[in-house]
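In the two complexes below, chain A is the common chain; its partner is chain B in one and chain C in the other.
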Partner chain A sequence: MIKIDNLNFSYSKHRILFKNISMQLSNGHIYGLLGKNGAGKSTLLKNLAGLVYAQSGKIDVLGFDPAKRQPALLQQICFIPEEFHLPAIKIDSYIKANAPFYPNFDHQYFADLLKEFDIPAGQKLIDMSYGQKKKVIISFGLATNAKLVIMDEPTNGLDIPSKAQFRKIMASALTEEKCIIISTHQVRDLDNLIDTVIMLDENKIALKASVDEVANKLCFKRMKEIDETVIYAEASLAGYNAITPNYHQEDSKLDMELLFNAVLAEKDKLKPIFN
Partner chain B sequence: MNNTFNTRRFSLLLKRQWLEFGKIYLMSLGIIIAIIVGFYLFNFPDLSEYKKTEMVPYRINFREPLFTLLGPLFISIIAGTYFAHLGNKAKATSDLLTPASKLEKYVTAIIYTSIVPILSYVFIFSVVDFCFVQAYLSDYSYVEKVYEGGQYVNRTIEKGGWLFFNHSHLLHSYFNEVALICSSFSILVTSVFLVGSIYFNRFQYIKTLVTISAFVSVAMLIYVQAGKFFFDNKVRISSDNSFNGPGDNGPLLIATGITIVALFFYIVGYIRYKEKEV
Partner chain C sequence: MEFRENKAIYLQIADFVCEQIMLGKWPSEQKIPSVRELAIEMEVNPNTVMRTYDLLQQKNVIQNKRGVGLFVTDDAVSNITVYRRTQFIDEELPTVFRNIYLLNIDFDELKNRYDTFVKENF
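Right, the complex of A and B next:
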């Protein structure tokens, strides 16, 4: 569905963001895009949506070049940005004006999502809180039934129950045809949601692995003492939360935050495991 | 699917853009109507005081400067703010990701910044003018001398003749020529300000105005210096004027020249819009 070849991108000569990035993303997956502040998560998403132009390299999204911003591709992209704009009109008017651009827009699904998020359909968008607006824009995006769903920090501004609702909705929204990419720095919000982790660091993709692959190759456990097998560990009240190679195929629950910190701190130790 | 232009998508886009742009546009139009009405109320002759109808043509001369100053101001504000949202990350994302082609979006912009404001400005000016003429001047007539067919003839101005687009000391003999140049100039103004609204990310209107002022100043300086360089201490030997009244091609050539420059700016604007990033 998405193919990136040798992507180079920078906002200025002194601020190089991506150096020869290449990867492929397929449909039927929910990708979690993680990285430190300024690592380029949002910029990578913008490149995929055609909102910025790369210096060199090739991006192919559903057979199109996103930089050309062709309607045939745009109607298959649902982009939920971190900072969004909704006009000062009622939800109904917003839908009337925007939904016809998307041939697969599902009005019933949109109504169901609004109900799920507890948003009154007749309310004016300008009278809504940031969180409510975010729920409307997420509902609209999902109701377009676009093949590529891109979300940049979608859980920002959502309260705790809404985050759980969001996870539930996203899990049910995934179909074989869709590819969902969610970027966040709040890694715990993506727990049990994503099936593949992509981590950006130092102008490159530091890790791209499915959750199953991570669970097969690494073991996340609590230890009282650190031994030589530990790749990375963080002190906790009951000892250490540690990552070790999964030599004995133990079952363990992926701790996204620990993995994220491990990738940043122990790149050299993790590289051979995933290569 | 046609990714360049589709009439259904285009009509959807016109409706969508009107939802946001329409409110601002109608508010601006309301302000313009109020300004025009205000000027008419303060300046239109009270015929109970001016019993001599001969005074009327001089008392309604305020219409020409009002029309020619307010018009460019209105259309430039509309054009200069249409794409101003592209300087805002959130709004630009929403605009650029709307599933319509760049050409459709740009043509929509031209319709809403050039065609609609120019026509609506002429229309509201005519309506306000008509109402005031009907209310105050419908019973008066006036005989004036006009230049027609190479000689001055007497013409009686009655009811309809007082209307701005019928009777004007500035326009009456050369109405078509002046209208032609004014129309092309209006298109030039909107095209320049449309480019400004795309090119600059903040304070688009002011920055465009400053750029135009700087450009015009430099152009004038070059013009004056070039004139001095080529014509200093020389005398004109031809008596041929550049504009010989109705039927002369001069105004048409000027209007064509202005329109070509405007088209150039529209093309520049389209290229800038295509290249716009968030």
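Right, the complex of A and C next:
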């Protein structure tokens, strides 16, 4: 669905974000895009949606070059930015103005999502809290039935019950035809939804691996003492939360925060394991 | 569902499904939730539930009836017992043994306690 070849991107000479990034993403998956502040998560997402232009390299999304912004592609992309502005109108006017850009827009699905999120349909967008507005644009985005769903920090601003609703909605939104990419710092909100991790660091893709592959190759466990098998560990009350190579084919639960810190700290030890 | 640490999510969901079957909540020959339905209930990626269902089909706990859906097999309960037994022996028993050894617990004492436990609980 998405093919990136040797992408180079920088906002200025002094701020280079991507150096020769290449990767492929396919439909039927929820990708989790992780990285430190300023690593370029949002910029990568914007590249995919044709919102910024790369200096060199090739991006192919559903057979199109997103930088050309052809309607045939844009109607297949749902982009939910972290920061957004909604006009001072009622929800139904917003739908009337924006839904026609998406030929597969499903009005019933939109109504169902609003209901699931507890948003009264007749409400004015201006009277809503940030979290409520976010729920409206998430609902709108999913109701477009776009094949590529891009969400930048979707759980920011959602209250605790809404996060569970969001997870249920995303679990049901994933179909064989869709590719969903979610960038997030709130990995605990989403770690059971993500099936493939993409980690950006130092202008590169530091890791791209399915959760199954990570769990095949690495073991996440509590240890009383650190020994020489440990790749990375963090002290905790009960000893250490550690990552070791998965010598005995154990089926441990991937701890995404621990993995994230391990990738940042122990790139050289992890690289040979994943190549 | 609240997931525990240190056990893969697809296995924890397998435990959940087995428990529903053993408690009689999912009777045999009854259609079980689809991958999508269970993923929504568990708030997990549908691919994870797919992996759970693949595993349970291998263990003959559930079966796919073409065009109809997934069903609990007739001998699901005995197959679960076999599956859980190996799992217990492979994964949990070593920890128990380790503690018995470290704490120097006598086998006779263990047997007495086990008998009392069974008497009190079952």
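Note that in this section the second predicted complex is superposed on the first by the 275 of 275 C-alpha atoms of A that agree within 3 Å, B and C clash if a C-alpha of one lies under 4 Å from a C-alpha of the other, contacts with A are read in each partner's own complex, and residues count from 1 in each chain.
Assume a residue touches a chain if its C-beta (ideal position, glycine included) is under 8 Å from a C-beta of that chain, and two chains touch if they have at least 3 such contacts.
These numbers come from a predicted model, not from an experiment.
In the superposed model, A:A97 makes contact with chain B only, not with chain C. By the touch criterion defined above, A:I89 reaches chain B but does not reach chain C. By the touch criterion stated above, A:V52 is placed in contact with chain B alone, chain C being left untouched.
Legend: residue contacts after superposition of the two complexes on their common chain; A:K221 is shown touching chain C, with no touch to chain B. In the superposition on chain A, A:Y240 makes contact with neither chain B nor chain C. By the touch criterion stated above, A:F274 is placed in contact with neither chain B nor chain C.
In the superposition on chain A, no contact is made by A:Y109 with either chain B or chain C.
For the contact definition in use here, the chain B contact set and the chain C contact set of chain A share no residue. Chain C makes touch with chain A in their complex at residues 3-12, 36, 39-48, 51. Remark: chain A residues 46, 49-53, 68-72, 74-75, 77, 79, 81, 83-85, 87-89, 93, 97-98, 100-102 touch chain B in the complex.
The part of chain B that touches chain A in the complex is made up of residues 1, 3, 6, 9, 12, 15-16, 19-20, 23, 85, 88-94, 96-102, 275, 277-278.
Contacts from chain A toward chain C in the complex involve residues 28-30, 164, 167-168, 171-172, 174, 192-195, 211-212, 215, 220-222, 251-255.
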